[in-house]
Every structure is written in structure tokens, then in C-alpha cells.
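Quick heads-up: structures coming right below.
Each of the next two complexes has chain A plus one other chain: chain B in the first, chain C in the second.
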Partner chain A sequence: MKELEKLFDRIIQRTTINLRELGYNVKPSVWSLIPPGQMTKFYAFYGITPDHPLNFQFRHSGLAGSYFLGRCHVTNSLLYKSDIRGDELKKKGELFRFQEFEIQVSKDEEILIEDSALIKTLVHNFSHDPETLEKFFIKDTVSTHYANIHGSPSDGCFLGPFSTVDLTTIRDCVIGTFSYIQAGEISHLNIEPGTIWVRSPGNFNFLYRYPGEQLKKYIYFAPGDQPQGIFMDFVNDRKEDFQEIFEVVNFESSVSVPGSASLDRYAVTKPTTHISENVLVSQRAYLQNVWLGKGANAQENCYIINSRLEGYNVTAHGAKIIEADLGKNVFVGFNSFLQGRPDCRLSIGKESIIMPHTIIDIQEPLSIPAGHLVWGLVTNQKDLEENSLPVNKFSEIETRFSKGNLVFEGSGRSFVKAFQDRIHHILEANGAFFNGAENKGHAQRNQNISFNTIQPYPRGSLKGLYPTIVIQP
Partner chain B sequence: MKELEKLFDRIIQRTTINLRELGYNVKPSVWSLIPPGQMTKFYAFYGITPDHPLNFQFRHSGLAGSYFLGRCHVTNSLLYKSDIRGDELKKKGELFRFQEFEIQVSKDEEILIEDSALIKTLVHNFSHDPETLEKFFIKDTVSTHYANIHGSPSDGCFLGPFSTVDLTTIRDCVIGTFSYIQAGEISHLNIEPGTIWVRSPGNFNFLYRYPGEQLKKYIYFAPGDQPQGIFMDFVNDRKEDFQEIFEVVNFESSVSVPGSASLDRYAVTKPTTHISENVLVSQRAYLQNVWLGKGANAQENCYIINSRLEGYNVTAHGAKIIEADLGKNVFVGFNSFLQGRPDCRLSIGKESIIMPHTIIDIQEPLSIPAGHLVWGLVTNQKDLEENSLPVNKFSEIETRFSKGNLVFEGSGRSFVKAFQDRIHHILEANGAFFNGAENKGHAQRNQNISFNTIQPYPRGSLKGLYPTIVIQP
Partner chain C sequence: MFGRILDQGRYCFLNPKWSLFVENYTVKDLMVPISEYASVPEGSTLFEAVLALEKAQEQFDHTKYYHRAILILDKENRVIGKLSQLDVLRAIEPRNEQTDKIDDISRFGFSEKFIHAIRDKHRLEGVLMENICEVAMKIKVEDFMQAPSEGEIVEENTSMDTAIHQLVMGTHLSLLVTRGEEIVGILRMSDVFAAIFHAMKQCEINKDR
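Let's look at the complex of A and B:
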């Protein structure tokens, strides 16, 4: 166990050095978040298919409970129950368009994680940094519970619980609890908790700040403690349902799955789950009494309970949808928490966009009309009016718009178009438009993955650390 | 699946070329023994501990259901439900004594399996060939159901079902069904089924031949068919009991295990199993209503049912003991089949040696006195008198001895001493003499192994083949 603790200490030290300008001391925040005993308790695993490029290299790392797909090197790192998804890696020779540039990818992209500690973090591949198209690097970084690193190379950062960095390169930054950042390249910033920031330099800037006291009820993180609040209670209450899935080697769900859809064997499905064609249910997704229409997807760490989604719905990583009815093409962004109740359901009209990190928590029925953009904290009709706008109205913004805690600058049209293009790309990549022959995506390619388990040294000074493991074609 | 079949075809061709002088065509014998569908059905697995040296390299092979411990390279091979045990590998710098030579081991020993097909074969490490102390090679070899390759480098051979090669280097040989060979270096021999041959050049030569027609009832193998007979029925009847053990990631047995003993999590234990101190129960051992005294061991593929073993008993790989009572220090060799019945139990007095590949199958009670050496086929008291001798009487043989189907030449004393030394070494290596501090063996070192599973490509032309997998410290 000794070497494992030394490694954690070293990672913390390196990250703290990177954050010295911000004066952020990483150790008190994370030292208690990985109890060393847990690092021997859970197996890690990787997926093998003929459809995903293969090159795993794990060296001198602790990987408890983590999952890997695609090409990925992990060196001197601790990954605890993290999902590293390399199923959209760029291939050598492909063209990457950035502004007026067309850049040729010089070799197959790989995910490199070095001197990092990731705790229940989701990493989704595809580096969006035009400087490092071939390497998606996460270096000297500590990332905590249910954070998402999505297309975002990082370097020397600390990510708080339920934070998301998306399509962004961040260097020496602290990303506060439940903050969502999609802002191009940023460095040396300390982002406060509950910041929703979407920026495209020269085009637009969207900035929302959660009311601090209200956010704490949902998620609060103080150095030395575990994260606390409704979000943590919600996921912890459902932890045990995952146990039976991880305890068996081959798990056979009783749910009927069309040939064009895929249900990951590490997803939880409770009665009664209905899966239509072209649906993708990713691992660690949680479905209970859910109807999923054609082309819907339920991504990693999402929870959908007592709800009906009509089709072509995106439920992004970590989003939660409870007691709700969603029309076609409704998008629900990362880590959003949409809580209807049995006696007051939430309904969302078709083609609405629920921004990442939105909280809707209602005590009386709420109906969001079709084609609306919604953000921030919504607990009733009044909040909804303050924190939403019809998408076509938003498109009309030309210079500046301010409402409640939101400040928007730049072109509403660009902003809406960027979002809509992205949603279309997500559906496409996930196989929602598969016609039996063309437009294959994850729903079709992720069927029938071979899962291999790995475990650390069980005893001795290396207890909890994994030997060097190299897997290649 | 295509590549898997090509590989099997290629291995068969290479082995057939090696056996051209003997005119042995391997293909009809084995082509139907590995149904390709089975090669994707079972996961392979390897063990990691701080006590065993680590260097696994699997390249372009099919490994369904196989287990690996220690240092082992498998290249262009098919291993189906085989156990490759590398827990007695020699270490660099150790001294190996052979006749008057003292040879220094020049590097850590490794098991190398190349261009081979092993079907339900047990491989036990420690090359006894003084020419290749560092490499235990199994090359261009096909080995079938429940064969044992024990300390025996091989090169271009075919091993029939339930055969054993022990401490022997064999080149371009065919080893018949249920034959046991421990004979120094042999080449270009075609060993008939049911041959028990123990030779130490210059010292002794022990040769027993099973009566052919009677052996067929127990085990019979004809090209184009699966092996048949009582042995196959016996193991097939108990196959399902292993399923629940392989289906779960971590199997917790309810059997109480002393701190100095080990019960492999891949062993079957049915009510009521008693395990005393210093006991070793290896994987794929099968125990049902068994009392195991201090220092007893139950090795891979052995079955012990409704029996009591008083202590310091060796039950070697593949041995079966049913409805029997064994005194202290009774040794039961490889693949022996000792079948008492509820109404006519078998009892074996202390310090008796049941030679490898002995069949005792009785219809009335039989009692083997203490200190006896037993071989061949024994179905009643009369057979016993023909196929046994008190150990001290055997030691008195000086030139030649013949009885029933046995011919012995040379020194009985050397023969008995070689066996007794070996039994002592086996008990020692297995940890039977552990005193709480010294004399650690497998029973103590094999506790708490991390098991990692691996699976092949699930689809496509590589279906059933494994990617390259390298595991190092």
C-alpha cells in the first residue's frame, strides 16, 4: 500500500505546484477522497472490439473500477472508478477544420493520462485543441466526483465535483464545483463554483452564475470532506444497484434490444425499460421505468427514472431525468438535474435545449414549451420565465442580452447554431440516424464488446498498484 | 473466426511435419476437439501476486478458458481450458544439480509456448532438461484432454487424452492415451496407450502396460471423435459445478480456511469440506464431502469425493479419489482413478505410494496395507496382490523383477528413493511443512491472488483470437 500512497502524494504535489499562482493547495481537497482500501477493492476493465483502435499502456498506476476503450496510456496515475472512452479518436490522415485552417492529423490520436488523479471522472476523447490533435493529454491534474473532461486536453488543473470542461484546453486552472466551461483555451483561472461559461472568441460569450447558497443544497464541496448535497445523496442511494452488474462476468439483461441499438452490459435497467431502434445506452447509465424512443441516447452516469423520451433525445453524461416527459429532439446537457415528482411531472416540448448543468426541481407541474432554451436554476414557472427563451428569440440577439443571472454578449444566432450543430453531431456519432446500412455510430459499434478485467497487486508494498499492462492489436 | 481456423490448421500442419517419421497425421485426431465457437465463449485469466515473477506475453493466440501464473509467453498458439502454472520457475543465479554437474541458471526461467494447441492440458513449470534450464518450451505440440506436461520441455509432439509427460524432454513423439512417461530424454517414439514408463538411465527402468481392452472402458480415443469412457463421463458429469464459480468476478466460498492454508477461488467445494492447516487446494480441484488433514494437497483437476485424507497426502494433478480413506503420507499420482463405493470403501494405509495412472475400481471393500507401492489396474484383492508390493520389498530388488504386466529392471532402492524424495519435495513446495515462519510454499503464497480476465475479439475475422497482451512488473 505504501507505494500507492506515495504516488498519490506525488500527484498532489505536482498539481499543487502547477496551481501555485492561484495559491490552491490540492492536498486537503482530495487526500480523503480516495481511501487506499478502495483501490484494491474494485477491478478495472477495458473493452476490445474490431471497431475500436487498440493500444492500452498502463504503467505504475492504480486503476480501481476504471474503464477504458480505444487507445489510452496511463502512467503514474490514480484513476478511481473513472470512464475513459476512446471511441471517437481521430485517425491518421483525417482532416481537422479549425477556423480557416485545414489540418491533417499526422498519427492516430491517443489519450495520455500522466501524473493525474481522476475520481469518478468521465473522459471523452477527441482533442479539440488544434495544437495537439494527436494527443488528448491530461497531465498533472486532479479531477473529482462526476466531473467530465470532454474533448478537453488539460494540464495541471483541479476539477471540482460535478464540474465539466468541454472542448476546451485548460492549463493551471481550478474549476469550481458544478461549473461548466466551454471557452476555448484558458489558463491560470480560478473558476468559482456554479459558473456556466460558454464562449467562442469573436462570436459570443454566455455567462451564468448559480446563486451560491441555493447551489449548496444540491452540491457542496469543502476541503477535507466528501462532496455533499442532493446530487451525492441521489447517486449514493443508487450505488447498490450497480453491484450485481459488476459481480458477474457476463451480465445478461432481460430487456429486449433491437438489432440496431445497444445496451451496455454495465448499465442498470430496472422494470420496465423500453428500448427502440438506434438507441444507445452507455455503461453506468441507470434506467428505471423508462421508454426510450428511436435514436435516443443515455450516456455514461446518466439516470433516467419514470420518464418517457420520444426519440432523438440526447441525455448527456451525468444528466438526471426524473418523472418527466420529453418530446422529440430534446437535448439535456451534462450533469443537468431535472426532477419532476409523481404528483407534479415535468414536461419538455420537442426541440428544446436544456443547457448543461441546468437544475430543474419543481413542487408543482411544469411544462416547458417546445423549442425553448433553458439554463440555470428553475424551481417554478417564474424561474422558468427568467431562465429560458424560445430558441428563435435567442437567435435574434445581436449584441447583448441580460436576464436574471445570465449575461450574454455577441451573436445569438452563432450560439444557437453551434449548439444545434453539436446536437446533430452527437446524434450522428451515437448512431441515431442508422438506416440499416449507413450512418453507423456507437449504438451499432458498441454491441458485443469483449470486457477484460484487471486487478492490482493484492499484497505487499505494491498493493493497490497495477503491473505494467500493454495491449495492442 | 477465419484467422482462428487458419491458425489451428497451421499448428496441426507443423506438428504433423514433426511427426512425419512416425507417420502420425494429427489433423483427424484433433480437428473436432476445439469447436471454434467455444474459443469465444470462455474467458482466459492470469494471476498476479507479489510472490510470483511476472512476464506474460500473449501474441496472436486463442486462449479460451486458460489460466496463467508466473512468466509465460504464448505465441501463435491455441490454449483451450489449459492451466499454465509458473509458480516454481527457477531464478537467475540458482544452482541446478544434474548428475555430477552444478549448473548456474543464467536468467529467470520462462515458459514458452509456440505453435502449439493445448486442450484442457495442465502445464507445470520447472524445466528438468539441463540443456534448457531457463526455457520451458512447448513448441509445435498438440496436447489433448487432461494431459499433463510436468517439468517437461517438449518439441513437436502429440499427447493423447489423460497422458502425462513428467520430468522428461520429448521430441517428435506420440504419447498414447493414458500413458505416463518419466524417462529422461526421448525422441521419435510412438508410445502405445496405457504405457507406464519410469526410467532413470543407468539406475532403473519400470514398465507397465495396461491390458488394452480393459483400458478402453475407462478411456478410449479414436481419431475424429471426442475421447470416451468412464473418465470422460466422470468429468463431464461434474462440469456444471464449475460454472457458477467462473460466472462471478469474486467467488467467496463458505468453507473455513486456516491462515496457513489456501483454497483457490476456482476450486469447487461441496458440503462438507474440511480444510486443515497447511492444506493447498488448487484451482479446478473438486472437493465433495472431504476431510483434508494437515499438509494435504489437492492439485489441479483432481476430484476427491466422500473421502478422508489424514494428512500430508499428495493428490496429484488429475487424480480422482472416491469413497476412500487414506492414511497419513499416502501419495496418489497423476490421473489415478481410485473408485471405492458407498457399500465397499477403499482404504489405503499410511505411507503407501499409488503410482501415477493407477486405476483402482472395486465392487467389494479393499484395504491396501500401509507402506505399499501400487500400480496398474486393480479391481479386487487378487489384482492388488499382482499389482503391488510393500515398499521395503521393492527396495530389495537389485536386478530384475517381473509380476503381471510389470517389468522392472535395475535398483529397486534407487526407484523407491527417487519417488520418496519427490514426494517430500512436493509436500515441501506446497507448504505442507510451514511452521508459521519458515518453509512457506504454495499453500501460503497462493493466498489472495489477483485474477485478471481476458477475452478475444468478439466479432470480425479475428473473432476468437486475442490481441497482443503484455504484462510486466
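Let's look at the complex of A and C:
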């Protein structure tokens, strides 16, 4: 067996051992997901800017098509078309607040990926675990297509396609397909597909479960097969557009970009795209016939097509917006799929919050009033009534609430405030409030970024693996 | 046997000291022989199991402590499981897709109060108590019995302190007592507790003398 396959086998074995209590065997699920030929086909690349730290160490790993920024160590791992964004890591001397504690960060934080396989996965943000402030670790973990590991250290876990772990330390867990987990810390849990769980112990607990059969139409993953469904068809249909921009070394976009905005050279832009001031468009974002108002952002793996976003819109990692009009300050959470049609557009009023992993897929025009919180599966007006509430009404919940497949316990006010604060922080971090001198964020810092590429062994027993590489200032 | 000695009120005379109790007596001294315990063959209904429990209790009236479980025997009269009171209650609880969902929700850190509130909301769909007879006649004991786990089995010559430790660590209400491969009796927590209680009382009597 070649070294690459041995490595993959070893990673799978280690993850399966961690998941033995749950009886989950990783091998049938992922063995066919990374054909060894693909690991030699694509180069890896990393970004250099004067505004970001630089410390990359790659050892005994395959990195095909993956992107790195900031501080990152990868050891004994396979990364396939993954984005490892270390541009929000903590810096030495910063204070981390946790409950009543203020903990000083003792050294610059690093992303440490060990004995793991990440397939088309996004890693971003920083460790929110007070026990491991300086190490955002991902070890003995296998993640699959379009999973998001966001501020979530992971040890011994499997993440299904389109799943997200957000600000949560996970140990020995299976995160089901299209599940979104934000719960602080979890261990030894097998989370079924389509579980949306947001918990802050002592404050609130939000749980929505997708109807299994209906979710399968959008995304379905069975061991031995590639992920299937509308989501996969959607991204596969646009794959070639990305291939074109990855094949060209110096790519110049024809889109006009204001001085305070940034458009990543690895984003796809198709006519006619308008970018206003303070807009951030990240790599692997896809824009086609889009109007982005001031301070809007399109994060990694976003697709925005035939749509208008009025401004200060957050389109989180992996979200898709098609044939829609969004008012100002509309938040669209991770991996949400919002699909209007040319003859029946989707309209979302200002300051609405579309929860992470929401599916809106309509066959008739649908208008979401301003200031609404929307979750779950919405295909028509009736679904909208069952799966939404005005934000101010949600804030009035004091003990418990259930509606359709949603159960909620705790303070609605705390829940809404947590989301609103987070949205504000995201806009701030992305540079939406830049005034020409202050409040710089990613939109301004990412403008002058250089990309270097690195290549694996092209043949021999180490084919597909990269030599040990240390890149420092 | 020790159990009988206890029943006849002679325990204090024979074994006045706690240390002697735990050192000198073994599980077989306190166990209830399997022949005196409620048992039903596999394939029996819940109703038959409850009748067997009643019958066994009538015949076994040595103490004020009731049998709290029914043993399930295979064709060769080997014990294959135990049906506790909790298992019986679990068996008559209404089950449907909604109750399964509620059980599942409890994994996600919701409070007991919250779970009870949801359960109450959906209880109207249930059948608890209303057709309890029908349920009891229909359900087979093996569907709800618990197969004996390793920690629930104790050899008849095991010392009492080891057996007590096993009850405490496994939070078991009883242990199955074996002789070789065969299950020959039940060591009930109620009997062990009664014995300890008497030993404590005896310490007090000796101190006063």
C-alpha cells in the first residue's frame, strides 16, 4: 500500500477507535471519498499579508487543493480542498473571557491538525475552549463535504456532509449530515442528521429536528456513496467555474472593487456583479448577477445568484442565496439554502435572522416580514408561519416554547441578544464598519494578499504527500 | 441458612459483631433460593409474570420485604433475564413516535421540568391505564426483561463485604447467585439491608451492657 493510503487508513482507524462507544465505523463512510489520484491533482496554497501572522508547518500530510492563512500545523493528516483560515486566532497577551474568569493568552494561538482527514471543510475562528486557549486542535477527526469547524476544537469525531460545529468543543461525537451544533462542549453523542441545536447552559436551549425524509431530498449521505441531493447537485453544477480560476496563476477579476472592499482572487464572479464599500468576498465564494450593498459579506463556499443584498448582510460560510432580495442587516446562517425562482422571488425584510442550516425552497413568491427569526424547512407561507416568529415575540419567551419541530427552553431575550451580538461582531470583524481610518476588518486587511503554491511528490511511494515544509517570516 | 436464621430472630445471638458478619458469612447464607422466587418461562405475557409474582409472594412470607422482580427461564430452566417493577412500568407506558422523540430530546440538556411539560402535552395520545389489561395480555416478558449483566452475578461463596460492594457499585436491587454455571438464588438488597440493620442494632445493645 502506498504511503498516502496507509495514512488514510491510519486516520480512519484512529477516528473509529475514538467512536467505538457509539459503534460508528468511519471506514465505509469515507474510504471512497478521497480517491488517491485526486490528492496529486491539485496544488495547495497559502496567503501572505503584512496584517496576518505567518507560521505554517506541514509534516507527513496530503494537502491537495487546500488553502492556509495565519498559523497552522498539519501533521499526519489528509486535507482535500479545505480552507484553514487562521486569521481570527488569539494573540499573546489578549484576555479571554469565560464566565467570571479573564484568562490571559500565554502565546499566539495556532490551529493544530493531527491525524485527521478533512474533505472540503472550512476551519475558521478561534478556540472557545477555556481549557485550550492557545491550541485550536483538530485531531483524530474525519470531516466530509462542506463541513464547517468554526471555533470548535475536535478530538475523535466524524462530521457528516454540510454539518457545522460552531464555538463548541467536541469529543468522540458523530455529527450527522446537515446538523448544526453550538453547545459549548459535547462528548460521546451521536447527533442524527438535520439536528439544529443551540444551547447556552443556564440561558437557553434551542432544538429543531428536520423531517428525515424531506431532508434526504436536499442532502443524503450513506456509507460507501458520495453525498447526494439538491445541495450536491447545486455545487457540482458550478464546479467548473472554480476550476477555471484555480488553473490560472495570475487571475484578474473584471469586477470593480472599491478601495475599502476586498474580492478574493479565488472567488467566482459572473456578470453583473456589483460590490459596494466595505464588502468582503472570501475565497470559494460564487457570485452571479449580484448587487452587494455596503458592508455586506459573502464568506467561503457561499453562492449568491440573481440576488440583491441591501447592505450589512452576513452570508455565513456555505450559505446559498438564489433569486432573492434581502433588506439591510439580514443575517443568513451557515449552510442555509435559500432558493427563490425567477418567477417567484424570495424577499426577506430588514434585520431578519435566518438561522444556520435553514432551507427555504419555494414554488410561489414568499415575503418574510422585517425583523423575523426563521428556522428549519420552509417551502411555503404555511411553513413560514410554523417556522418563524417576529424577533420581538421570540424575545418575550421566558420559560419554554414549542412550535412544529422546534422546542425551546429558557430566555428568548438571551437567545436573540446572543445572535444579534454575534452578527454585530461578525460585521465588525469583516470590516463592514470601516470609516476610512478606523474599524479595519478582513475586507480591508485581505486586499493585498499574495498566494504561494506548494506541490506534493508527483510519483513514487510518497506520491500525493507533501515533504515537510516550514514557512515562517 | 443465614436468611432463615435472620427470619427467626436469632441473628443477634449467633452473630453479634458486624465484622464477624461480613467475614464469616457468604452470599449463600442470605440468598433466597431460586425455587422460592417468582419465575415464568420465556414467551409468557406481562400478565402471567405479574400473577407469578403474586403467587411467589404468597408462598414466601418470611419477611415483610416483597419480591420485586420476576425471573425469566428458558426451556432448560436457565435464567435468561429479570423483569423488575421498573420494567413492568416501562412496558405499560404508551409508546409512539412522539414519545420516542421526547425521549430523544432529553439527550440535549433540557430540564426535567421541560421534558415533563412536553410529555404531559402529548399524553392524551397515550393508552396508559385505560387499556392496561389488554397491554398486559399482549406484551411478552422478553421484550422488556433485562438480561443479567456481568456485574449482577455473584458466586454463592463470595463474602458479604464483596457482595455489598457489588450492589453499591452497580446500584443493583438484587444479584443473581451462581453455583458453577447454574443460578441457584437471588441476593436481595432488602435482605442485606435488614442484616446490616440488625448488626447495627446489636452494636448499640452491646455498648449498653
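FYI, the second predicted complex is superposed on the first by the 472 of 473 C-alpha atoms of A that agree within 3 Å, B and C clash if a C-alpha of one lies under 4 Å from a C-alpha of the other, contacts with A are read in each partner's own complex, and residues count from 1 in each chain.
In this text, contacts are C-beta pairs under 8 Å (C-beta built on N, C-alpha and C of every residue); 3 or more make two chains touch, one makes a residue touch a chain.
These figures come from a predicted structure and were not determined experimentally.
Using the contact criterion defined above for the overlaid structures, shared-chain residue A:197 touches chain C, although it does not reach chain B.
Contacts of A:450 after superposition: chain B is touched, whereas chain C is not reached.
Applying the stated contact rule after C-alpha superposition, one finds that A:459 touches chain B and leaves chain C untouched.
Of the two partner chains placed by the overlay, neither chain B nor chain C lies in contact with A:435.
By the touch criterion defined above, A:243 reaches neither chain B nor chain C. In the overlay built on the shared chain, the residue A:99 is in contact with neither chain B nor chain C.
Judged by the number of chain A residues each one touches, B leads among chain B and chain C. Judged by the touch definition given at the top, the superposed model places A:469 against chain B, while chain C stays out of reach.
Of the two partner chains, chain B is the only one that A:43 touches; chain C does not reach it. Look at A:254: by the touch rule set out above, it reaches neither chain B nor chain C. Within the complex formed with chain A, the chain B residues making contact are 43, 48-50, 54, 246-250, 448-462, 467-473. For chain C in complex with chain A, the residues that touch the partner chain are 101, 105, 107-111, 114, 117-118, 121.
Those residues of chain A whose C-beta lies close enough to touch chain C in the complex are 183, 189, 197, 199, 201, 205, 207, 209, 400, 402, 407, 409.
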